[in-house]
Amino acid sequence: MGSQDFDPAQKGEPDLLNHSAEQLNGSLKGKDILSVRQFDTPTLDRIFYWSIEMAEIARKGYKADFLSRRILANVFYEPSTRTSSSFTAAMERLGGSVIPINEVTYSSVAKGEDLEDTMRTLERYADVIVLRHPEMGSATIAAEAVSIPLINAGDGVGEHPTQALLDYVTVRKEQGRVNGLTVTMLGDMRHGRTVHSLARLLSLYDVKLNYVSPEILRMPPEIVEELDAKGVRQTEFDSLAQVLPETDVLYVTRVQKERFDDPAVYDSVKGLYVVTPETLQAGKESLTIMHPLPRVGEIAKSVDLYTRNAAYFRQMENGLYVRMTLLAGVLGKLPTT
Amino acid sequence: MGSQDFDPAQKGEPDLLNHSAEQLNGSLKGKDILSVRQFDTPTLDRIFYWSIEMAEIARKGYKADFLSRRILANVFYEPSTRTSSSFTAAMERLGGSVIPINEVTYSSVAKGEDLEDTMRTLERYADVIVLRHPEMGSATIAAEAVSIPLINAGDGVGEHPTQALLDYVTVRKEQGRVNGLTVTMLGDMRHGRTVHSLARLLSLYDVKLNYVSPEILRMPPEIVEELDAKGVRQTEFDSLAQVLPETDVLYVTRVQKERFDDPAVYDSVKGLYVVTPETLQAGKESLTIMHPLPRVGEIAKSVDLYTRNAAYFRQMENGLYVRMTLLAGVLGKLPTT
Amino acid sequence: MGSQDFDPAQKGEPDLLNHSAEQLNGSLKGKDILSVRQFDTPTLDRIFYWSIEMAEIARKGYKADFLSRRILANVFYEPSTRTSSSFTAAMERLGGSVIPINEVTYSSVAKGEDLEDTMRTLERYADVIVLRHPEMGSATIAAEAVSIPLINAGDGVGEHPTQALLDYVTVRKEQGRVNGLTVTMLGDMRHGRTVHSLARLLSLYDVKLNYVSPEILRMPPEIVEELDAKGVRQTEFDSLAQVLPETDVLYVTRVQKERFDDPAVYDSVKGLYVVTPETLQAGKESLTIMHPLPRVGEIAKSVDLYTRNAAYFRQMENGLYVRMTLLAGVLGKLPTT
């Protein structure tokens, strides 16, 4: 079945879920989640089905104890309340427990211990590790040090694969498909690992990508070339107005003043990257607006009232379901009936 | 049944508990707990019965899993180990889980996110939110932003309703009744939201209130007037000796040196607001001494030995039972048999 | 049965475990764990058996819910991610819950509350307290203030009994016995509470102890005398080479540069207290290398590859099992079949 053919009516279909559980347990059990590049479309299909199922499980709170007595070491070397809370909730919703490690003064580190030793200690206490670390590549180093599964929750300017997966699930849930969509990314294309990862993941599908940003915040050439080689249609724009009418999904990111050498340049462009109800007037009725959050003015609060379009809090919620799916998957515990 | 007629022997009476559970689930389910003003005496009666029942449940640790797989987002923008721990324990005693959010550097906030967006994110992960925030009114703003229940755990100089409820439960448990009591509040009447909230709650009953404080730390006129309008007998005093003999409940709060412009004034009065075994000699044998804790010298440690009178640690413990009751209530999960 | 006669084949033997559970529940229930001095060899035998059983329980994650609905207040006045995580995991592996109290700004303390009041509050919320505190003697003060069990997780230069117990379990697991062993302690004998506690614990057995350290970091005379009085053979050395060939267990600790008045002295000796694969060449094939971790260069990473000898991560893991045993024991909940 092509991923574009997903029929929401099938979500509760036991055979499909059973099949997906077996396949996902098979492909994820004992594995690390380090990069979006490790996923193919059949696996993405299954993650999507299970994310929908997990929404039911979380809502009903019924006998969802298949991670009972399993322990997550939730290790955040830099604070990220949102991602940290999401993984905590995901584990707890399935009956599991969490060792929260998010002190500002991370004691072992303060004592000079290296990352590998810390990870090798934690693997003795826990069944799975989630790691947020400020340095690119740290997740790979950590994963190689341990034999239990490790999930990268962001390693500096590197990867943040669970964010890309929840973005993918949101696009598909909101639009009912991925193939054939025009996805416009708005704001800072240069520094955001979020848009980099999502663009890579979407390159597995037949999508058209628009990058709208100031000149100095363009998508890095290596990513454009990588996607070009895969035949993805990509176009760069200076202003949203040029592409809004054809856009199915508008993915908004923050343009930070600090990125500009000249504050006057920032002031002259900032208005181009802010979404308001007026912006919506020119868009499709079915337009989906996303944002990795937190937002700081890029999307006016009044846009929240357009509940069909404003998908960013549902996007956040999908993060919970994707993480429930991944945690159960790497532990090989997705239930088959 | 009037609240003054409570008979402890009835506490295990299944019909009464059953009835109370139905009523409390009915009146609390899906509601926010923002202010003491939202409670009437029948609801207070039921909270009292259930607090006594929760003591049994916590002690026995028996099949008390009616909050199983339910998640509390325990959000503290300012540290309060005592209140935070109490809510954590309350949730865990009933089989629920907790997302603890109490980092010093609250990351989303550091990134500039506003309270409403943070709350709207957390409601996607959790079933109920507890919020401590330094600004008055923040709990109301937060509660309006979300559709899951929110419990105010203190919003600056505003409200701290669960503290007032545990104070009420303690008074009633220790004295066997509320109506007919003389309650003397000692210390800082001006700044303490604790005494403000308790005075308001007690105004639902037939009590006599004495306020003993230095001149500059008197009860705010608006509270005195509010209670006057309800017919509550209130009197202000400078020293405890004047009212100790008639006092049933002595509620002690801290007089902070920093509240005084002239340290000499502080030094001249501070001795009047400290409770020692000598103080107790002049009081009733049945005197109940309470304090919201932590204490820093207002009650001498030697008073702790007067276990009948020194109720402040039992008061703390009642906080656990009241919070168990409220969490189960707002989730509509108080068990009916 | 003498502890030296332990046969690992017996570990799953139901009668033995049953007997040990009854005895351990009997000797630990309601007790505090404050010092290594409170243990005798029959109790150590039982802790050892149960630590092996707990490894099975943690691995299988089967119906290990005998601490279900029990709550640990895990109180760390100074950060120690490793010890804190270990106790958290221990509680969660057995179905229990944790109140984590490890804020940098410990609010009640910031408000001036004393340790006893804080402990007396927490005993109202929890069933057992674990306390790490920077001041020697604080654990005893805290334990006397409460009626629930308290486990000392390190009180300054005082005791750290659970570390000594996990070290003992590791020695016995790795070597199959304790009696008859030669244990060489390397590094800083003067400041390390770890080696002090372990030496005291091993004095219950027929062991030979070697202390290898720079002159200024010798074992304190009071400990040497204490063990002398018990007939323990103790010898001091300047370099490891002198005793390596006869050593069964090499316990490595860190030599901190800051301990030396003259950096040149440090530079001249530091190489003598670092373990490398070359060091291993001169040791027994069955040599067990231990370290309380974190290490900062005292043991080269290449030593990790000698998996038979390099026991420090297994030692860490044993900490989990020992703490599971102790928590279940002080709560009187070790299961009898």
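General observations
By letter and in written order, the chains are A, B and C; residue numbering begins at 1 in each of them.
Going forward, a residue touches a chain if its C-beta (ideal position, glycine included) is under 8 Å from a C-beta of that chain, and two chains touch if they have at least 3 such contacts.
Just so it is clear, the model here is predicted, and its values are computed rather than measured.
When the CA atoms of chain B are superposed on chain C, the rotation angle comes to 120 degrees, reported as a multiple of 5.
For the touching copies chain A and chain B, the fraction of interface residue numbers used by both falls below half; the interface is of the different-residue type.
One inter-chain figure worth recording: chain A and chain B are separated by 41 Å, centre to centre, where each centre is the mean of the chain's CA atoms.
In chain B, 100, 104 are the positions where the chain touches two or more neighbouring chains simultaneously.
Only residues 68-71, 73, 97, 99-101, 103-108, 110-113, 116-118, 120-122, 124-126 of chain C touch chain B when the two sit together in their complex. Contacts from chain C toward chain A in the complex involve residues 61-62, 64-65, 78-82, 85-86, 88-89, 92-93, 95, 100, 102, 104, 293-296, 301, 313, 316-317, 320.
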